[in-house]
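One structure coming up, written as structure tokens, with questions to follow.
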Amino acid sequence: MEIGFIGLGNMGLPMAKNLLSAGHRLIVFNRTKEKAAGFQDASVQIAESPGEVASMAKIVLTMLADDNALRSVVYERGLNQAPPFLETLPQGGVHVSMSTVSVSLAKELAAVHALRGQAFVSAPVFGRPDAAATKKLGVVVAGEGTLIETLRPVFEALGHTTFVVGQEPYLANLFKIGGNFLIMGAIEALSEAFALVKKNGGDPEAFLKVVNAALFHSPLYENYGGMVLHERFEPSGFRLELGLKDVKLALEASEGARVPLPLGGLVKDRFLMALAFGLGQKDWSALGLMPLIEAGIKKP
Amino acid sequence: MEIGFIGLGNMGLPMAKNLLSAGHRLIVFNRTKEKAAGFQDASVQIAESPGEVASMAKIVLTMLADDNALRSVVYERGLNQAPPFLETLPQGGVHVSMSTVSVSLAKELAAVHALRGQAFVSAPVFGRPDAAATKKLGVVVAGEGTLIETLRPVFEALGHTTFVVGQEPYLANLFKIGGNFLIMGAIEALSEAFALVKKNGGDPEAFLKVVNAALFHSPLYENYGGMVLHERFEPSGFRLELGLKDVKLALEASEGARVPLPLGGLVKDRFLMALAFGLGQKDWSALGLMPLIEAGIKKP
Amino acid sequence: MEIGFIGLGNMGLPMAKNLLSAGHRLIVFNRTKEKAAGFQDASVQIAESPGEVASMAKIVLTMLADDNALRSVVYERGLNQAPPFLETLPQGGVHVSMSTVSVSLAKELAAVHALRGQAFVSAPVFGRPDAAATKKLGVVVAGEGTLIETLRPVFEALGHTTFVVGQEPYLANLFKIGGNFLIMGAIEALSEAFALVKKNGGDPEAFLKVVNAALFHSPLYENYGGMVLHERFEPSGFRLELGLKDVKLALEASEGARVPLPLGGLVKDRFLMALAFGLGQKDWSALGLMPLIEAGIKKP
Amino acid sequence: MEIGFIGLGNMGLPMAKNLLSAGHRLIVFNRTKEKAAGFQDASVQIAESPGEVASMAKIVLTMLADDNALRSVVYERGLNQAPPFLETLPQGGVHVSMSTVSVSLAKELAAVHALRGQAFVSAPVFGRPDAAATKKLGVVVAGEGTLIETLRPVFEALGHTTFVVGQEPYLANLFKIGGNFLIMGAIEALSEAFALVKKNGGDPEAFLKVVNAALFHSPLYENYGGMVLHERFEPSGFRLELGLKDVKLALEASEGARVPLPLGGLVKDRFLMALAFGLGQKDWSALGLMPLIEAGIKKP
């Protein structure tokens, strides 16, 4: 297929490469041009604006950092007043949004695209840059059913599993946001337990092994627990300041729906503390240092 | 081996049966006699008091509900002023405490037994009554090394894995308490996420499947998540009022060591709310209803 | 003076009347026209749009519900495409913003007015509609010094005390937001204490009297404590759904500055729970019911 | 009157002096003898044990640090196996407990004294050592009515106001515990607000003045707010480690009654953090540093 791809960051770049490997042709755009220029491949065209991408491909994937970046791509004019994505995407064209953005933005984009006879599919992914590179992403997809079937080869070129979760696109965002919330909750729980064990004279690493072998059997617990214990926060697979963004997405969705979310509030405060301590560029798992700092085990 | 066994409750009874099946002879005691009387087996003797058990067996396992029950077994006289366990256990005798009790009680018992030339081993277990019945407990053991090797056949008759975690007995209690804390944290996180998903129009059951398949791969998440979603709170494998006891054990250990434990405080408040709503006899996973009640999804 | 006044709600209407009583002439606008029409007074002109107000008065007070309402007044065109406030306010004109809005909006308005040679003063008020009617508001003012002196008679017509807190307008908003945060914190603390006292068999009303006489000596504690205990939530001086807005203003300011605010998170969850229970139109002090509901004392 | 007085610490010593000034004769005991020895006064007798005090006075006031200290005074034998207080207090004798102890201990002491035909009155006090010295304590009293009238001159020699709160002694402890909980809640709220204001560029001291003048009008807010802002934590009127004790008394009472107390949990974590940072000997208001540390404003 011919696929537009906008956003060649830590995640987008390896994803785009996997699409190429799978035989798709790409029209790409990235705000900082150097990254796009790196593609030395006959199957890749480099566009000058998001709008140009949308005028050249009926299917456009976007993979951007946050709501603001995605809004800007969809609504704003490019250099030389090039028309925006929303206007150039043809009738029947499909915008596949793979960014972790808000439930409310997903609803809004579903509406504005529909008004123009365009389709909108949400397909955020679980997984970090190494998983993107090795095609091990979990792709969470929501949108119109036949469309998703058409897109399935695209998703399968990007991840190991495609989870179809509903007709309304925002549901995929909701699941992605909820999933990230659960990861943060697990990091918080593990880190409090590490502080408890350590300051009572136990070995948190042995503790992690035992509880995972006896209870959780979860590679995620092992992985994130190990990152906290060994302070493997660099290179940052997912920056802490983006983690703050994600817990705020959960809190925003909870506020809209009138759902108290005390664990969400706790985790948000951990992120703020970590940012106050200058850790914004570290991996988000560094939030697990906060319980250790409060317990006097680690110096800030 | 000849083994004393004190405490034939939900957990103790199936454990004692497994010891019998493994060919051990038992001297048992239970506060309410009917349970002990149920053993129709030539290899079982029924004692009249904890002290009598300790006078007849060099190895005594205790499996009791809480600190008070264990203290009472160790220190108090029986009917007719029968001498207490602590006095009748012979020099060189071993008290194997399998209850979920406090770090401080474990330290105290290690000290008082040592004063009398007796040995003390902590061996609390992960797993619920069904796991006890099917020998699927995880046994967390701490104590003197050669002693643990001697006891290994006992532990192997009770569970699928024996985790040796240190020389000082209290470490096993610390790990057990920390593990239970993590389970409660997971229930809290899952339940908040369920409320978030549900009230935003998503299906929490589909959500649980997706996040577990994409992220956690944890049978524990599947199991506890399912219990909350389907409100499978009866029969109660582990009563909610005992869950309160366990989070208080974590908080007590955190207070002693000066470790803030905000997730612990949150979970404790969930238990108190559930008890205020009359749910103390339900399975402890019923704490997962609290976020749903606060969000107006469930009636209290 | 000739004063423009935009926003004749629960607070704005009595404030405007006090300005009239003090001898000022008014040009008023309200989105729902009936309220403006109620002014049968030779000194009052009724404008058709915010922009018309700004074209007729050099000093314009705005008293609106939230950021969105204030943004809309400042930036949007009126009926028949009447030019917006920001364009019609003359050079040297003064926008006095008395609404409880965000720190970030105050900064933005200071900037956009300055660009046009207009002045911007923030002057949010402490006090409820009854205090507005009886000129007992506390007016918190920040802005350029000589300007504030010029405006002093206006503020003195509205409240009993004018607190000048700085040159940068947003500081007044910050103080107002921080003050409301403290009120919510006091309601939360009082309500938890009431639940604690009541369920332990004590009389919360006697408790309130004793602790206020012995410790706080605060009419605010007496007033809000009494509202919670006697459930005086109607008529609503300040609706609970606006309280949610205010705690979100505090949280937004805390997030921007990287300040963990756990009490803010707790109070926000109380508001969400209250809204989930259908209490959004009650007085915001109804958040004090939440601890009583969680303790099983009150039915939701 | 002839009055026994046990416990001559920071609070007890100035209280005992005020009783002397009011013309009462005292029989005193203190665990560390030097403090008692300091009384060079013909009206003071120094006893060798709590039991001796109780054998010499029909009315005995106790003013001790915590539950353990009070239990020890009541139940334990003195040097040379001198009989304990509980045995030597004559029938009709009165134990007036002025310490801040638990609701459960107050209930227990009411019961054990009643069994022996002795009376028990709870009379904990609000106020710090300077208030004790200047007779400005608030005395919260609960017990049998005629007895309280008899004791009134004693209470009036100690404080400026006597609050009679019920017949059951534990109610006075409950009110005292609830009052201290409210103070901690106010310190937490103020300190979070200070961090919010400061890191957004405002002056917390000006903020405190404005909100107290506009809203709270509370000398306690002024006093504690000022202590936090100026870090007046020495000399310690009330040590932080005793503050931990007090919030634990509130939490214990809340757990017994099944009352979630999230603000209590938050404050307890602040105390633990402060203790982990080595601040246990500072004034308890130092808990107000924790929000500033978490926000990166203060170094730990």
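Going by the order they are written in, the chains are A, B, C and D; count residues from 1 in each one.
The rule is simple: a contact is a pair of C-beta atoms (placed from the backbone, for glycine too) under 8 Å apart; a residue touches a chain by one contact, two chains touch by 3 or more.
The model shown is predicted, which means the values in this text are computed figures rather than measured ones.
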Shared chain contacts [chain A and chain B, defined touch]: C, D
Looking at CA centres, what chain is most distant from chain B? C
If I superpose the C-alpha trace of chain B onto chain C, what rotation angle comes out, expressed in steps of 5 degrees from 0 to 180? 180
For chain B and chain C, let me know how many angstrom lie between their CA-based centres, rounded off. 53
Taking each chain's centre as the mean of its CA atoms, chain A sits from chain C at a distance in Å of 38
Using Cα averages as centroids, what's the distance between chain C and chain D in whole Å? 39
Touching two or more other chains, which residues of chain A qualify? 254, 258-262, 266, 269, 272-273, 276, 294-296
Which stretch or stretches of chain D touch chain C in the complex? 103, 126, 138, 140, 161, 163, 165-166, 168, 171, 174-175, 177-179, 181-183, 185-186, 188-190, 192-193, 195-197, 199-203, 206-207, 210-211, 213-221, 250, 253-254, 256-264, 266, 291, 294-296
Under the touch definition given earlier, write down the residues of chain D that touch chain B in their complex. 244, 248, 254-255, 258-262, 265-266, 268-270, 272-273, 275-276
How about chain D: which of its residues touch chain A in the complex? 262, 269, 272-273, 276-278, 294-296, 300
